[in-house]
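Lettered A, B, C and D in written order, each chain numbered from 1.
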Amino acid sequence: MMQIGMIGLGRMGSNMVRRLMQGGHECVVYNRHVAAIQQLQDEGAVGTASLQDLIARMTKPRAIWLMVPAAIVDAMLTQLAPLLEEGDIVIDGGNSYYRDDIRRAAELQQKGLHYVDVGTSGGVAGLERGYCLMIGGEPDIVKHLNPIFATLAPGSGTAPRTPGRNKVDATAEQGYLHCGPHGAGHFVKMVHNGIEYGLMAAYAEGMNILRHANIGKHAHDSDAETSPMDNPEFYQYELDLPEIAELWRRGSVVASWLLDLTAAALAEDADLAGFSGRVSDSGEGRWTVLASIEEGVPTPVISAALFERFASRGDADYANRLQSAMRKQFGGHDEKKSAAVSNQN
Amino acid sequence: MMQIGMIGLGRMGSNMVRRLMQGGHECVVYNRHVAAIQQLQDEGAVGTASLQDLIARMTKPRAIWLMVPAAIVDAMLTQLAPLLEEGDIVIDGGNSYYRDDIRRAAELQQKGLHYVDVGTSGGVAGLERGYCLMIGGEPDIVKHLNPIFATLAPGSGTAPRTPGRNKVDATAEQGYLHCGPHGAGHFVKMVHNGIEYGLMAAYAEGMNILRHANIGKHAHDSDAETSPMDNPEFYQYELDLPEIAELWRRGSVVASWLLDLTAAALAEDADLAGFSGRVSDSGEGRWTVLASIEEGVPTPVISAALFERFASRGDADYANRLQSAMRKQFGGHDEKKSAAVSNQN
Amino acid sequence: MMQIGMIGLGRMGSNMVRRLMQGGHECVVYNRHVAAIQQLQDEGAVGTASLQDLIARMTKPRAIWLMVPAAIVDAMLTQLAPLLEEGDIVIDGGNSYYRDDIRRAAELQQKGLHYVDVGTSGGVAGLERGYCLMIGGEPDIVKHLNPIFATLAPGSGTAPRTPGRNKVDATAEQGYLHCGPHGAGHFVKMVHNGIEYGLMAAYAEGMNILRHANIGKHAHDSDAETSPMDNPEFYQYELDLPEIAELWRRGSVVASWLLDLTAAALAEDADLAGFSGRVSDSGEGRWTVLASIEEGVPTPVISAALFERFASRGDADYANRLQSAMRKQFGGHDEKKSAAVSNQN
Amino acid sequence: MMQIGMIGLGRMGSNMVRRLMQGGHECVVYNRHVAAIQQLQDEGAVGTASLQDLIARMTKPRAIWLMVPAAIVDAMLTQLAPLLEEGDIVIDGGNSYYRDDIRRAAELQQKGLHYVDVGTSGGVAGLERGYCLMIGGEPDIVKHLNPIFATLAPGSGTAPRTPGRNKVDATAEQGYLHCGPHGAGHFVKMVHNGIEYGLMAAYAEGMNILRHANIGKHAHDSDAETSPMDNPEFYQYELDLPEIAELWRRGSVVASWLLDLTAAALAEDADLAGFSGRVSDSGEGRWTVLASIEEGVPTPVISAALFERFASRGDADYANRLQSAMRKQFGGHDEKKSAAVSNQN
């Protein structure tokens, strides 16, 4: 069992503390807002009043896990580094850009401090399912932290053994992996999220096709600019999307955890009326495409998924207006007004 | 000089009649609404009161050009075919699907009638610039109509001779071409329009990047989900889009007629405030991608352009809502609200 | 328990017969090649010598499942239909285009026969995991076949219950679903496969980025046409792809059955040297994009995945040569030769 | 008339010197290889033996134009800067990344030197057609260089006036433009090239569809994995691509300079047999997509064009092999071998 300091007690950080305590580790915790500290203290953690207090309450070499927004990590390190002592370890478990890891590791190394970057996947379900951990850093430091990683990770029982696999004692089967030197953890996590963008978009596009499978029932204009629908008889289906998502969860090629979540979302509301369709992106998708471009590796699918998100937030508007303007110029076409509110959207 | 019947006196049809009359041809015209007939009659055309009247006023073998919406061509042919006599020619100069051409040609052939499909490019500028004509049909029938095509087409003087070209007497240099059997004209026009979609989108995307080159000046949120802009200092440009479009018209690799139109649109209003950004599509782009799929030919650019248009009209909404719903499921992320109205869009 | 006829004893058909027999159903089987019949007869099926024999050995109303290539279904129905009697049922469990289902159902209906289309997912793993079944047809006929579907499907125990789901007795949780009228089964299966294309491509692109994460170690030319790599120091990682695929199987957002298969493939050979990279497509991906275009629903991700497959088979070659030719024209650029064989690919 | 120093006498640099001399300017030239210096000296330029010599032969404030590979600019500036005197001007007319411009301008400014970045479009045709110049830098410095720019640029006569345009004395109509502060010239040129990628790909994809319009004539396999071609009768066209490219040059919506070049390339060889289809990219396309991502502006078309180039060079190979490996895993599908050499490609 180990002692670990946790700074940042949001949804992710708090749940990781809980999972660590369940695993028998001692957690010394700090947060900007005191309520979260109090809550975890009630659950068995050691609450602290300040960074200084957190440092004071930990035994050397300290292992301090940061679970704060990527934009704040550097500021946090500026405060924290002077308080730490040679041999102490700082772990960034958030969504940092891997290039920042490389820089930070070099900076901290000059003070005899160690830096470990951990890409953490699992979301709000992680407390129960465990967290998938992608780790970058010095081999001996990472090895030293293995008890922590092993507790946070899901464990090998959560998926059947891969046929043909002959590695033994490999941590990947537990759900954590030392991927390489500084930055490697967040690099792998970055690509993981890029893949996630592609997967999400593939499901979303497919569901959208199913949703519009009744379009042949609706009248269509025909004028000089719009050709009539060729085959309305082939688009007469009223499909039950929640049931189809549920169906695919068992035995199909597209079964996945994201599909499980899709089924859950659709079980709540098949129309998804509570969402406006502005899809956020938090950096990793962008960085994935940047990396693919610098490597010269084609990523048409992941980039299309990223750009769909941009467009969902209105960032294609000027480009679209320009296309309408060109059509007006060469064809005298006026823009068609939006159709009356459509129920089938 | 020839006699030609024109049915359909919209913007395109009327201007084609004018260009034909300027070339010395006799034009016998008919239209659903009488005002357009009267107008062209005033300009020298032979106006007619009905399809029967039009047929009666023409000498055999008749050559009748349809310039009507694609959705109406079949209905028009149903009315027209019984009135025609063996050897007469019907030309469809609109935006028909080339598969309809193949079917119609076979149907009319049974009555001894000839069918010619003509993909017509040029838009509202065609009266002055001439029309680019892509022609499908029987060789001798197309040859018979050559005087008509030669008048409608721009003529060889409108572009410098292609270096290395050694064909002589080829009509392509005049701006019209017998592309192949029935449907070949509209097939080539279809792909022409597919290319047009790609070109328009390329300009629009590029202009959109230029438009947002000042984004580093604007504050950005940083929270757990949004990483701060890495390099705001690189996005401080206030670029003059109308001047840049104008600039590129001379000497650049991207000079084109579509760029000329872009410059004209931006000269009117750099903000394009009169457009909402709902970009129409009129069939050919869709058919181009369908053809590419049936042929097994990859068209990532043209299809991306087509799908941008779909999305511009809201047809990605459900897919986007589903992605927001998935993010809510795995990360507990609430959708971010739309930013306050942005001037830079 | 029911009696079912199975025509087509390839990998899929044979395994389905085995699963049905394990479930206690009587299977009457026929195949073009006799060896497969003999094999299943040895395992307990009723082997037959001809279609006539198969028909004769079944009790009315017969339920006959076709598991033959989509291209052969119509020929099979031409042979089979005259032998069947009013009330008999033909099930197409292969990969037919849903439009063919609609046509066939109408044709068979005129003879008093029933047609059911079943999209079947599960692949070679289906015998053990069960098959996910997407079903289209008449409600009472589909209901009649439920015991068959229930046996073939995985059953509810193969995935945890979806939180928030309040349907009871819905078959989707068993892994089969009556999706709608004729064609609905194959329509849903078609979109399922379109999604599959997108998912596969997302993983493949991401893995390709990871594979090239060491590209900064390799020298790069710099000439007038190629800019040097800006940041070689950020691409120094030698990542262990089999371990990363294994890692993501537990706790990550991208866990899925396709990822399980990826891990298995990489466990065999991380270099995938046995594959040339020509990715086949079997129709459903194309049809999915066709449907999206006819519906006006944007599918940039799924179409990009489809086009990657086309390009992997060389179908972009002419387009690429043309781009090189253009570059030669405007810049005098000669094509760069292929780099010497690269180990990192 | 002005004096200008030119360093770098490749195809671009030499032709620019010629055009400047034709315009009456004095050109002092230097190059790594002496032959190019001698050639231009024979044509009237002042040849020099070294950078020192070049500096010595120029009058203050010197204006020195660099036309060297982007990768060499920094090294050249390191040599050059110490030789220059306060008030001297260095112009980078190559393909530098605009971020390097910003850095270099700041560095040179500390020595009292001025830096101007000029994106130059026009290629090998520029000597005759003139060069389109996109300029970034300090307003008074740019203004000082206007006579140089005016000579290099095509001049207003090379394109008709844009309708609706009411600016007077704007240089954009001459073919050069001061776009903004340091880097703005190369930023605009970067986006120009990104657009160029999209345009080229749109033409190439369209031509590829036309090329394969005869695919219905070729036999197709049908097996469990490949569905037969649905409509071979619709793909029976043998289209004459050189004539179609020629045709579109007059009166069509897709007329452009790139189309002129396409027609020239196809006039030489419709099969483009001299090209292998490995399409180079020289940086600007990548940077354009990077900029779009940092701005949050969707560029599905330009990025698809960029990724087609990557894939044309084999950089999708591993991703493709992985997809084949997945198919093998779930469906037991062996990869299909390449078809016998196809004439129609």
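The working rule: contacts are C-beta pairs under 8 Å (C-beta built on N, C-alpha and C of every residue); 3 or more make two chains touch, one makes a residue touch a chain.
Just so we're on the same page, UniProt names per chain: A, B, C, D = Decarboxylating 6-phosphogluconate dehydrogenase.
Here the structure is a predicted model, which means the values were calculated and not measured.
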| item | value |
| --- | --- |
| Partner chains shared by subunit B and subunit C (touch criterion as defined above) | A, D |
| Chain pair, B-D or C-D, that carries the greater number of C-beta contacts | B-D |
| Farthest-lying chain, centroid of Cα atoms versus that of subunit C | D |
| Distance from subunit D to subunit B - Cα centre to Cα centre, in angstrom | 28 |
| Centroid spacing, where centroids are CA-atom means, of subunit A and subunit D in whole angstrom | 37 |
| Separation of subunit C from subunit D, taking each centre as the mean of its C-alpha atoms, in whole Å | 43 |
| Numbers and ranges of subunit D residues touching at least 2 other chains | 123, 201, 203, 205, 208, 212, 230, 253, 257-258, 264, 294, 296-300, 304, 307-308, 311, 313, 315-316, 319, 330 |
| Residues of subunit B defined as touching subunit A within the complex | 10-11, 69-72, 94-95, 97, 123-125, 200-201, 203-205, 207-208, 211-212, 222-228, 230, 257-258, 261-262, 264-266, 272, 274-280, 282-283, 300, 304, 308-309, 311-333, 335-338, 345 |
| List of subunit D residues in touch with subunit A within their complex | 253, 286, 289-290, 293-294, 296-300, 303-304, 306-308, 310-311, 313, 315-316, 319, 330 |
| Subunit A - residues contacting subunit C, complex | 98-99, 102, 121-123, 126, 129-132, 134, 153-156, 158-160, 162-167, 170, 172-177, 179-181, 183-184, 187-188, 191-199, 201-203, 205-206, 208-210, 212-213, 215, 229-231, 233-240, 242-244, 246-260, 263-264, 267-268, 288, 291-292, 294-302, 304-305, 307-308 |
